[in-house]
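When the chains are written out, they are named A, B, C, D and E in that same order, and each has its own residue count from 1.
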Amino acid sequence: MLDPYLPLVLMFALAGAFALFSVTAAPYIGPRRYNRAKLDAYECGIEPSPQPVVGGGRMPVAYYLTAMLFILFDIEMVFLYPFAVSADRLGLFGLVEIALFVATVGFAYAYVWRRGGLDWN
Amino acid sequence: MTPTYYLLLSALLFSLGAVGVLVRRNAIVVFMCVELMLNAVNLSLVTFARINGALDGQVMAFFVMVVAAAEVVVGLTIIMAIFKTRRSASVDDSNLLKY
Amino acid sequence: MSTAQLLADDPVWLILVKVVGIFAFLVVMTLFMINWERKVVARMQQRPGPNRVGPGGWLQSLADGLKLAFKEDIRPVLADKWVFFLAPVISCIPAFVAFSVIPLGGEVSIFGETTALQLVDLPVGVLVVLACSSLGVYGIVLSGWASGSPYPLLGALRSAAQVISYEIAMGLSIVAVVMSSHSLSTADIVGTQSGTILWGALPAWNAILLPVSFVIYVISMVGETNRAPFDLPEAESELVGGFHTEYSSLKFALFFLAEYVNMVTVSALATTLFLGGWQFPFVGVDHFLNSGWWGLLWFVIKTLGFLFLFIWLRGTLPRLRYDQFMRLGWKFLVPIALFWFVAVAFTRYLSQEKQAGNTSTGVLLAVFGVVLAVILLIAFLLPDKRDQRDPHAVPVTGGGFPVPPLDLQVPKSPPRRQVPVAQLPSTGERAAAPAAVTASAKEAGDGDA
Amino acid sequence: METLLAQTQRLQAPEIDYLAVAPILIVLGAACLSVLVEAFLPKAQRWAAQVVLTLLTIVLAGGALAWYGSSDDTPDQGKVTLAGTIAVDQPVIFLWGTLLVLGFGAVLLIADRSVEPGGAFVADAAVRPGTIQDRAQAGRFGMQTEVFPLTLFALGGMMVFVAANDLLTMFIALEVLSLPLYLMCGLARRRRLLSQESAVKYFLLGAFASAFFLYGVALLYGYSGSVKLSDIATATAGTDRSDTLLYAGFGLLVVGLLFKASVGPFHAWTPDVYQGAPTPITAFMAACTKVAAFGGILRVLFVAFEKSSWEWNGVLWGVAIASMLIGAVLGLTQTDVKRMIAYSSVAHAGFLLVGSITLTDDGLSGTMFYLMAYGFTTIAAFGVVSLVRNADGEATHLSQWAGLAKRSPITAAVFTFLLLALAGIPLTSGFIGKFVVFAAALKSGMAPLVVIALIASAVAAFFYLRVIVLMYFSEPAADGPTVSVPGAFTTVAITMGAAITLVLGVWPAFALDWAGAGGFVF
Amino acid sequence: MSWTLIALLLLPLAGSVVVAFLRGDDRVAKAVALAVSLVELVLAVLAWVGFDPSSGERLQLTSSAEWIPAFGVRLSFGVDGIALVMIALIAFLVPVVIGGSWADKLPEGRSAGGFFALLLAMETGMVGVFAATDVFVFYVFFEAVLVPMYFLIGRFGGPNRQYAAMKFFLYSLLGGLIMLASVIGVYVAAQDRLGSGTFDWATLVAVTRELPLSTQVWLFLGFFVAFAIKAPLVPLHTWLPDAGAEAPVGAGVLLVGILDKIGTFGFLRYCLPLFPAASRELAPLVLVLAVAGILYGSLLAVGQSDLKRFVAYTSIAHFGFIALGIFAFSSQAGAGAVLYMVNHGISTGMLFLVVGMVMARGGSRLIEDYGGMAKLTPVLGGLFFVAGLSSLALPGTNSFVSEFLVLIGSYPNQPVFTVLAAVGMVLAALYVLWVYQRVFQGPVRGTALIGATGGPGATVDPERADVRDLGKRELAVLAPLVALILVLGFYPKPVLDVITPSVGATLSEVGVADPVAQEGK
């Protein structure tokens, strides 16, 4: 009996091989004509700003907030799935617990909402 | 594959994380090293669950993930706050507190 | 014999065949989809669309793809070499892997081997899809970050924020499906959708049983794939091309491929989760329409239906503003999905109790009502009554619009041509200028040793 | 796979003794409620509502605890509930009671707005330090009221931590108590850079330590096949398992715990965090975290590792000695009051560890009594520290305390009393605490450790005395700080701490009886 | 249940609180303090009368109450003869000190109320130390008494007071903590033997003497170090010159006169009865220290240039005699040692007071700043001489009796040490007389006196000098001391009667053969 995950690995390998081949081959297949402007960052024709964006680029805090919220809810889902699978067996206890769980997340959610964490102005 | 290899891998990852925490200077990198440690533990937990033929290790991994997530949220907040002020996330730049 | 057991007996060659088959299916679907999209949109806009290359113009996208391969591969000087190189790969692989768990059809026989038309049936099947779509985000973020250019970075951020935001709604909507079929296995989920409800009037599809989940899923699947009207990361007017602005040649093609494969995957997943998968409605499992290779046909038809929806939306709807888009996701879909999840959980419990003949249903109904009311209250009523703005308060979120870096000053043009020494200003100023640049670079750097 | 499925089939609802865990439920429930208050009340009403809610919660939880503790139905041995994850026994009741009262005092300090206009907490944490807005917010009469729900969550986490009967619950509780503390450290209204820096340090080191703890949990799980303390104890009794896992697991686990308890040499965060955090939070942290951490250490050592004690005893001896010496010696060099108390807490942690590794009933009750005594003294001490201020906020540099007795004899007298208690002079709780712990240790044959501990406390006494010398015998500095007249909240907190310090020193019988009421159940 | 001791304990405490709240008006505070201390003296006399040395009861005037049942700690008080004389000494010295400090110039900003409140608080502590019959309670008082003394030195002392106060406190605390280890050890031993722990002294005596020698030695050392620091035996004495020199005069009297006696009292009350075997084993060590103290203290006293340090070093020598007497293990020497404790309190107390009066006039502590003072202040000079003679144990003064008893009693057991100690007597004569000669004899000279009389180089006319002789208050303060010096010098029997049975009981507990007693048979 084969490991049930083998097909996934094969799929991964095939897709990876294909993608890697593409990115590796690309420079060799295409032409190469040096032009300094071409290698600058694209900023709509403006001279690119001198500071490097990599590492130092700063972004609105809201993105961090979204990332944190995502983590919160993603983890919530991690708990909802096992419950969902065995919901019928858990009966009233499981139901009450999961309702409490969702409510707890809901409190945090309401807090974030009310305090403007979800606003993009 | 014997589970021992997973345990060794987990130990290795944990050590890497620990060393990273000790030698790296960027707060965010340090923080990611801590997360690496937590995930190394997850690997251990799941492997042990497999060895013991029980589910609870995997359930624990869930809890660890939750904790890791909460840590990420809190940690990012704190690090961002100080980063905003100092424009540097280097641990060495935080040197106001010493005797 | 369950699908999982069936698949477990697959010999390696059969698995390889299936892997290659699915890969080919996805690539072909992509090529077809691009063309189809252009044609349909063209028709909607009263123009013919591509009609030159190949029969009826159907080879246009293939030609485009080949053309891309022969374009120059550009890597900006400021880009992070390896991450820039790997990002398309990272974005591409999960797109393909996610499709592995989709059941394309029922039990068939391939070269004498009895098997199911599915690459793999895992007990955590649905999670694989979700996991892969999460992994795909890395490709997006890393590509934007590695480009070393502000537009891709902001595009990537937007895109990532969008994908993860809608992934929440998507994940929550799927929970209800999982609850009704007690399994995360895609084959099981398809299996539970056979049969009919309401005395044969309707198929027992989850789309009908769980309409709210279905709607949320469909909306979020469009948001998740960054498609119109949610194609904000590629909003040409604001952000040029989004996270892949700096990419060209085959690397760009890979992003393109990944996007369309993702579309196919989410459509296929929608089919699987909500439209009974490969099964033909109204007839029993044993009916000949549900046997053999027929399933593949129904599956493709249903999937194409969803794909058409994508095109239709693109041709019809204007693009949303970013704040509208995030509001829709976070303030509408997520609370409704949560509410719906709890409601489904209660309803299932109630019906279970009723079947068991327990009489305390009334009490439970009351509990149900109270909990619903509480959640409703939280989800809808109170948060909309916005706090009075504190005049002193500092906005938590900051500006959400695509803005150039916060401390943007009009930079001094770096000298392109060598200026004759005589024309240079005094040496003091000459020394000062580069120093300023390094100082700001140091300031902006993260100080990592 | 089949066995796993079979396990899921066996899932069933656990028994819950709601009365026993009522204090936890009340505190954590109120914490959620508090979040909602934060979300829905207008800014102007939040402070009042939060203070009332928080104090009421603690009182209610205390009431529930008292009711449960005195009820006839309560088994004397204590009981294990919530599917074996929570044990409510006599030590837990004692520690819960201590935590709640200490928490009450800390909340009073947190809530005070008279000493510093608007309270010790930043009005708006999002404002960047050092900017114009920051100076404006420092003068505004408002504060980030999120600190109240955070306090309640931390308190709830502490309560679960001391009652956790398995390591996973313990880990979760550890995080529930730590994460809010990390945040609270960064919320000071003044000296925000220091405050934020302390938060970062605490967070990074805390997360590092909890990773160690967790790896220890994983290894012990591998060793014994369970994370229940009792199962680990059973496993250590057998001999056919991998000792490597046991030692490594125990070591890592204990490192995590010792870190939380700021036992040297795992104390590196303590001085920085104590100094940088807002003083009410420092008080909360110093008192309650110490109680919780040692509650956890006691339970882990007593329940899970009693049988293997000969393996680790030597190591913990060394740790205790190191902690006492580090705290005592490094404390000598400090020039900041808060840092000094931090080092003193490291030394005290060493004393507590001496009591913890006795593994006797006397050691248990002695350590718990010490915790209680230390907690109240510390809360009051930090309350006093928050009163001594100059234009920039608190004046914590020792030189600024010179001649304080002349400006404010009562403050100086109270602080002197508290310092004497920390030094362990008779007629204060500190003396009785040291006495009971050392008596237990001596009884377990740890005479050398006791002697070292006594020498360390003599050394430590030096830096307490130095403060007294400064306050009483030195001439006041010309631009010295003023002593704020404390508002009702701070007054109550300081009075409570000092009075209990005195009562426990003069008439400790009731507390000793309570602490010695029973052992752990598992 | 006798209330005398409890009253003795509570009265000064209450007085202290009252005085502390009278800080506004110094005169009232002083008056109240004096009144309280006089009432205390009356109470002490009552206690003396109530004590029956011949009854055979070791501890009398006992009282006891529950305190910490978990550890068997009881608030037990009682006195034997030794403790009784010490309490009487306290009650006698405190009013003297209050009178002596009546007109002290306090450092700027300090109120007299605080000073007297601390004095009274210390009186409670000292009485408690001597009256406690529960080891735990003893320990509590032992430590608690440090605090008021610490503040007395630190707040009201000389220029170097911070250092001195700190040194005093840390030495005592370190000793106390080491003793704590032994206290706990004794408790644990009792718990092992009796099943339940106790701190009752009488019970413990029965228990600990059964302990094996090695245990006894360790526990003994714990107590011994604490007491050796208190009664400064030589290597542990360095705090005393500093503390004695920097302390205000009144506090210095109590420090040297009473507080240090806690150490020698502790030897008698705790070290010997609790650990007889260890005491016998370690007696030579103690004797070496004692004799070293005598010689070292005397030599340094000879070389001192500072008056207060001079007194402190003479005390170190005297404590050597006391320790010698105690650890010579004969009833004569023991009784002599206890009597010496009383006498030393009186004579050194007086010496301290007189030195204080000299300093109050000259404003300097250095001997070289004085000279020929007897011309200006003949009465003061005379009294200084009396105190000095008492200190060098001239026959006819109180100290002679005790020193003689010590030497006589020690000789049969420890001839070598006794002979060495006798050398100390010679040195004592040297240092007392030499200091007297330098300060009081000859022509008026020295910057302190000249500064006080009209500038450097001025010819001092005794008739017109500003340095006045003793006033009425000062005479009243010194008179009782002189009286006692003389009375006890000629008729020490009442005190010895009280002391002897207790000393005898102690020695019988040690279980050594008493050569003097045997001869007497």
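Definition applied: a residue touches a chain if its C-beta (ideal position, glycine included) is under 8 Å from a C-beta of that chain, and two chains touch if they have at least 3 such contacts.
These figures come from a predicted structure and were not determined experimentally.
Chain pair with the larger contact count among A-C and B-D is A-C, by C-beta pairs in contact. The central chain of the assembly on a C-alpha centroid basis is D. Using CA-based centroids throughout, the chain positioned farthest away from subunit C is E. Inter-chain centre distance (subunit D to subunit E, centres taken as mean C-alpha positions): 44 Å.
Note on chain placement: the centre of subunit A and the centre of subunit E lie 81 Å apart, centres being C-alpha means. Rounded to whole angstrom units, the spacing between the C-alpha centres of subunit B and subunit E is 64. Look at where the CA atoms of subunit C average out and do the same for subunit E: the two points lie 90 Å apart. The set of subunit D residues touching two or more other chains comprises 8, 39-40. In subunit A, the residues touching two or more other chains are 61, 67, 74, 86, 91-92, 103, 107, 110, 113-115. Those residues of subunit B in touch with two or more other chains are numbered 77. By the touch rule above, subunit D contacts subunit B in their complex via residues 3-4, 7-8, 125, 128-130, 168, 171-172, 175, 179, 182-183, 186, 192-194, 196-201, 203-204, 207-208, 210-212, 214-215, 217-219, 221-222, 225-227, 271-272, 275-276, 333-336, 339. Interface residues of subunit D, counted against subunit E in their complex, comprise 406, 420, 423-427, 431-432, 434-436, 438-439, 442-443, 447, 450-451, 454-455, 457-458, 461-462, 465-466, 468-469, 472-474, 507-509, 512-513, 516. Residue ranges on subunit A touching subunit B, taken from their complex, read 61, 64, 67-68, 71-72, 74-75, 78-79, 82.
Those residues of subunit A that touch subunit C in the complex are listed here as 1-2, 4-8, 10-12, 14-16, 18-20, 22-23, 25-27, 29-33, 38-44, 47-63, 65-67, 69-70, 73-74, 77, 80-81, 84-88, 91-92, 95, 98-99, 102-103, 105-107, 109-110, 113-121. The residues of subunit A lying in touch with subunit D in their complex are 86, 89-94, 103-104, 107-108, 110-111, 113-115.
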